[in-house]
Amino acid sequence: MSNLDKDLLDREGKRRTLQGCDSDYDQAGIVVFGAPFDSTTSYRPGARFAPMAIRQESTGTETYSPFLQKDLSEIMVCDAGDLELPFGHPQKALEQIEKTIARILQDQKTPVMIGGEHLVTLPAIRAVLKKHQDLCVIQFDAHADLRDEYLGCCLSHATVMRRVWDLVGDGRIYQFGIRSGEAAEFFWSKTHTNMTRFGFEELRETLEKLKGIPLYLSIDLDVLDPGIFPGTGTPEHGGISYIDLRRAITQTGITGQVVAADICELSPHYDPSGISILAACTLLRELLLSL
Amino acid sequence: MSNLDKDLLDREGKRRTLQGCDSDYDQAGIVVFGAPFDSTTSYRPGARFAPMAIRQESTGTETYSPFLQKDLSEIMVCDAGDLELPFGHPQKALEQIEKTIARILQDQKTPVMIGGEHLVTLPAIRAVLKKHQDLCVIQFDAHADLRDEYLGCCLSHATVMRRVWDLVGDGRIYQFGIRSGEAAEFFWSKTHTNMTRFGFEELRETLEKLKGIPLYLSIDLDVLDPGIFPGTGTPEHGGISYIDLRRAITQTGITGQVVAADICELSPHYDPSGISILAACTLLRELLLSL
Amino acid sequence: MSNLDKDLLDREGKRRTLQGCDSDYDQAGIVVFGAPFDSTTSYRPGARFAPMAIRQESTGTETYSPFLQKDLSEIMVCDAGDLELPFGHPQKALEQIEKTIARILQDQKTPVMIGGEHLVTLPAIRAVLKKHQDLCVIQFDAHADLRDEYLGCCLSHATVMRRVWDLVGDGRIYQFGIRSGEAAEFFWSKTHTNMTRFGFEELRETLEKLKGIPLYLSIDLDVLDPGIFPGTGTPEHGGISYIDLRRAITQTGITGQVVAADICELSPHYDPSGISILAACTLLRELLLSL
Amino acid sequence: MSNLDKDLLDREGKRRTLQGCDSDYDQAGIVVFGAPFDSTTSYRPGARFAPMAIRQESTGTETYSPFLQKDLSEIMVCDAGDLELPFGHPQKALEQIEKTIARILQDQKTPVMIGGEHLVTLPAIRAVLKKHQDLCVIQFDAHADLRDEYLGCCLSHATVMRRVWDLVGDGRIYQFGIRSGEAAEFFWSKTHTNMTRFGFEELRETLEKLKGIPLYLSIDLDVLDPGIFPGTGTPEHGGISYIDLRRAITQTGITGQVVAADICELSPHYDPSGISILAACTLLRELLLSL
Amino acid sequence: MSNLDKDLLDREGKRRTLQGCDSDYDQAGIVVFGAPFDSTTSYRPGARFAPMAIRQESTGTETYSPFLQKDLSEIMVCDAGDLELPFGHPQKALEQIEKTIARILQDQKTPVMIGGEHLVTLPAIRAVLKKHQDLCVIQFDAHADLRDEYLGCCLSHATVMRRVWDLVGDGRIYQFGIRSGEAAEFFWSKTHTNMTRFGFEELRETLEKLKGIPLYLSIDLDVLDPGIFPGTGTPEHGGISYIDLRRAITQTGITGQVVAADICELSPHYDPSGISILAACTLLRELLLSL
Amino acid sequence: MSNLDKDLLDREGKRRTLQGCDSDYDQAGIVVFGAPFDSTTSYRPGARFAPMAIRQESTGTETYSPFLQKDLSEIMVCDAGDLELPFGHPQKALEQIEKTIARILQDQKTPVMIGGEHLVTLPAIRAVLKKHQDLCVIQFDAHADLRDEYLGCCLSHATVMRRVWDLVGDGRIYQFGIRSGEAAEFFWSKTHTNMTRFGFEELRETLEKLKGIPLYLSIDLDVLDPGIFPGTGTPEHGGISYIDLRRAITQTGITGQVVAADICELSPHYDPSGISILAACTLLRELLLSL
């Protein structure tokens, strides 16, 4: 192979992964991958474009976090690319995601999934539960996602946490930032999940309480305020600031208990200014650095 | 009529009104209608598109307010559609609005008007004054709107509150959130209106003071910060947060004294992300639920 | 009911249907309805927003066609609203569409469906075939849509015409304007469908040949050139002009043989200028006037 | 005054006029000015922004026309700036325009007005008629603009040519490119105006016939196809190509009979790509070079 | 010259400068000019369009500040227009800027430069240092801009403050709001500059300390939060609110020590809603009023 | 390495190159690479984003050309990634490009470069001339690009063909589609280049005449009409259709004489609809398939 080619390919090979996530799979402790699925999105679709958009945006952002005073070059992350998921067929798509998460866990690595819509969390948790039966779920989200069915279907981004509850049962889902849903969802949550409405007030004590228990962290980015994150399927006003979400993420990450995580519901085409993609990109960096 | 047709038409009939506002006129306590007029807008026109945009957006939003813990299905609201107003002829347009408000009041219902530009408030107040001579006006707005004329004309969105003052006189207009205007307007307001600059600091005590007096609530949505509400004709930085405006609206609404209200100056085409329409839509829900 | 209310509601009731399509179902000869489904869209989703966007746009367009010298007021069309279809579950959605088309046909009316993605054509043809066993299909499209499966699934907007072939067999699908596909699709079409690539050259003689045979007309709007119709999921350059498509539609419509039709694949959010919605809206008018 | 200042101001002074239109008023043979009025626009407002947008765009375009092989530097044009017109008050605005045109004509110069909506043509023609009683009007437009009233008003961009007819009478308005209107307008035109539908077929013979007669040339830019000119209030598909409009303009201009002209209905905010502004800008150059 | 012409030109002459900045150069105490250069921008270019965009926006904003209770009409500002700088040739562009600043200072006026990218600050400071050897620099910015080189070049918007340090040495650069950069920049800053990360906490005491010393104020607008200022080349989340930046600017301005200032990095095309241009425009007003 | 990882990485590795261009460098006959440089762009910058945008778009387009009836899988193309070029320093950037082209030629492969602005053509031709002294240049472009200097600089996208002439001399540059420039450029071209204005009329006879001579094909995409290609720095109306450019490209490509080629001046951010990127992407496919 010519030197020139080597130069070009090497440099480019690095630029095509998430910036700073170019470790080999075998050496990596964390494996990031995309799950570009959005077929059950009920309002504004397009979360399928999120993984590619975040990867591209990352070439323009710093790998160093002045908040954590740490650089992605200090840890070993492998960007394993995107799954190719069939549009309009949730069942098949969820199976592929479950298999992928299962394998990464089996290889003793921490999977971090970039959605896609929030339904992708369901197969991820199903896979993790096989390894960690005592798993608890931390959900940052504007929506309760606790409907039992939506338009006659039980697999939907609006029912995902109800389906997770089918798997884990009462008291093991901790919801933060919730500010939208049907009356019935809020009522149901009272006896089945631990819901903190509007913000993160009880996060610290929750983490205290859960010390030692394996955690799944699911970040639905629509928990952010639409003023800084308009690029999502179902934005809700009155949301969380970037700084508060960043803090909540790293607070959870540095417990060392997070065994898998996802970051969902960026729908980049709805934000022509690009700041939503940027938020997703740097929050992912903060998540990776704190794990 | 075939069953199929009934099904389709019924469902659709409901979806074409504001979500949750499908009561019959006769049974409704509140009547919402659109006044798509924006001919005197001096900077970026397009408020004419607001009523239709809000109606469409409402199909994607919840009817339940987790803030008020109340659902639109619990109250009786009739969406009576939009007036058809002649572009470029304020006099005629204002007459139609005045007549409409008058009739709704006569039928013992509370009118809630969706602008359009802020000038639509003038005929509304003129109609209400005929029924409630002791009316006071609560205005949430970034602009004083107190010029005596604008480019040689006395009917304009920039003069509307001065024209209202012509009707009600000194001390009966309460302005909140004002942060833009000519020096002369601020000076004039000192002796003629009650102006709280920048925020809502004195809202609570104002409402205390006005206990028992009928109120007209006029919400110029540009009182919101452009970061969450860019879709308006003349945005002004340094504005109100969604949460603060929501609180101010419901605080006023639950006094039970509001006899008519409007929500104006959404110009949806200036916000490709759609979050301005969303804000208008959910704030209207909060207003309706608190009346 | 008060007079005022009647006035408002009546006028508005009319404005909320497609302009000029406000006949009662029972009296109408043509029934238009929306099928807002786009879950299998492989590239840029959003065809779900098409029916609502076309309806809204129609309020700003003329009901008179200077081409056909005819007005929508001269014919009886009922806009029956939109179906509510579950996102991400093609099987269920297709059943609802099939049932709807079947009922309209049973009532001796001509159904005209506004997609949604192109897959909605499959259940429509399935329903029509029950009444008209000798049906032939006229397809205007940039894409062959003849794959046998796509990403492992057999129900997709990329396989729809192959599935239609499963129903009608060789030689009964006439494709026009095709300019994109896999090599295998073009090869397969040689023995199974009648394909005119790039344009409408053979449309006139095709219609001659099919004289007396019931026709299903399926208009995938991406047959238009992206220069005038960028708002679609998978645009393809080198397409048809508005004038040529308009002529092809009316040429087919005035045969009097069209027993059902659809107009698909407008994805309005990808065209901020709005001209794609406008094209869909006026082409629908031309289709209705020529049926 | 310092040298530096002189340098800065001189260069900038030139850049702030339309590129190549920086002659002094007294020496200029042609005077261009803006009439930023759009209050009667019935669909998408914003033509008010056209003069400023064209002026700014002109800094990025060539002053040389390879079509006419002529440069703006070879002729004397004065860009006299924009009128300040009151929004929402057509009567007053029209008076100001009439006075301006009258004065320019009195000074023996050719006025070229940049709209604004099409209603601005009315006062211009009123002023010109005082000097040239035998004036004929050449209109390039997608719309007939021949309604007698619109939403109850007789002054509107949809009635402007009917109002012009009130001034000039039968047979003196020549309309080209018309492809939208009510049936009644097309019918009325048969006995009152000379209408060429869809294109310019009869332009050459019209100009032959009118040899020696003073002409007013009114260019409603929506005559262009929306594919190249989406940035207008009421686009209509099936329109004219840039090349054909350019040719029609210069064909008319080089007769030497055009005593006044306007170019209207650019609404720049509806075209984020900017090509509509560009078209307006270079067509204005071609108009000026051919007068 | 005719009266009409005078009227038109005069009014327009004023409207083409920044609103309220139409003093003659000789009488003005402050001279504003544009430096539309963005060739070294590494991510999203377009700051070249800032001066023209701000000037145009200013026609729609008030000249009165309710915060400072002062109007631009009370001070003498000359808008001297824009420099014409060669794209892609930093060396030449920087020389022109330096010469311009030098002349304005020599004429005993305060220069206020509208960028352009941040590199334009370097020649400005070079010019000022010749007059004020003891100059200190106040920088409001999201980025440290302290790299020694960027992609092999030492002149870049990412190295500008390092180049300024080459001129002024240790301890004379005060940085506020910094929240992005390489680890090495943060490390280097510890011994060479005075950096306040994330906000303005130490601004007041800094200004106390620097009493009597001439100051250069450089405002990189990306210090603002992307929620209110998406229109910039490299936005960074977690930024400053409009109100805090406004206060920091006027706090610095009213010391009377600012001998020159710039406001940089608005890239208007990245914000279709226009609120970024608006923020730049009113912050410039506040800066001018406080100098 | 685990199987899962292999699967993910392999699939993704392919998706990250231009679709269908995943041959190894050593086996490839054609090498595509990006030159993301746009520092001398005088009007709307952003061509730097073109290579990445085309690569991403290619994942949604077919590899089969129904025009050429050929698939990218039938030829061997290596996508070697993008060069990392310093912004604002043309000299350095051009050197890197020249070195890259030289090496690819030395390895007996055909280089195809994706710009970036048009200036990138200069170093490419400089490199090719060292191998093919008798090279002729075929340029498809809206602009003559023949200025001797632009804003005082001789290296610019507006001077590039004049600089190429410095290298090759009279009569060896063939320009097609030219429709914009200064009068002086058109005059100069008469004695120095072979210019076909507005279209491709003389392309066939030119290719006849040049039979046997090595050709450099430079495609400035702004030769296309803005209606189908708004996403470029300096669009010009009255341009070429997609079909005509496609034909001109393949006509030139199939001569077998093209030893190197480039495709320039896509500026994707100026076209929110995405059709400009799509055009660039499929025209690149046609170019590759015809070489």
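We call the chains A, B, C, D, E and F, going by the order they appear; numbering starts again at 1 in every chain.
We take it that contacts are C-beta pairs under 8 Å (C-beta built on N, C-alpha and C of every residue); 3 or more make two chains touch, one makes a residue touch a chain.
As the structure is a prediction and not an experimental result, all values here were calculated from the model.
Trainee: When you check each chain against subunit A and subunit E, which touch both of them?
Mentor: B, F
Trainee: Matching residue numbers in more than half of the contact pairs is the bar here; say which of C-D, E-F or A-E clears it relative to A-C.
Mentor: E-F
Trainee: Once you find the CA centre of subunit C and the CA centre of subunit E, what distance in Å lies between them?
Mentor: So the centre of subunit C lies 55 Å away from the centre of subunit E.
Trainee: Subunit B to subunit D: how many Å between their CA centres?
Mentor: Centre-to-centre distance between subunit B and subunit D: 38 Å.
Trainee: Going by the touch rule set out above, which residues of subunit A reach two or more other chains?
Mentor: 42, 44, 84, 225, 227-228, 270, 272-273
Trainee: Okay, in this complex, where on subunit B does subunit D touch?
Mentor: Where subunit B meets subunit D, its residues are 38-42, 44-46, 48, 84-90, 92, 150-153, 155-156, 269-270.
Trainee: Give the list of subunit A residues in touch with subunit F in this complex.
Mentor: Touching subunit F from subunit A are residues 1-2, 4-5, 8-9, 11-13, 15-16, 24-26, 33, 52, 56, 78, 80-84, 99-100, 103-104, 107, 272.
Trainee: Which of the residues in subunit F come into contact with subunit C in the complex?
Mentor: Its residues touching subunit C are 60, 62, 64, 66, 69, 71, 225, 227-228, 242-243, 246, 272-275, 278-279, 282.
Trainee: Which stretch or stretches of subunit D touch subunit C in the complex?
Mentor: Against subunit C, the touching part of subunit D is residues 42-44, 178-183, 186, 197, 225-228, 230-231, 234-238, 270-273.
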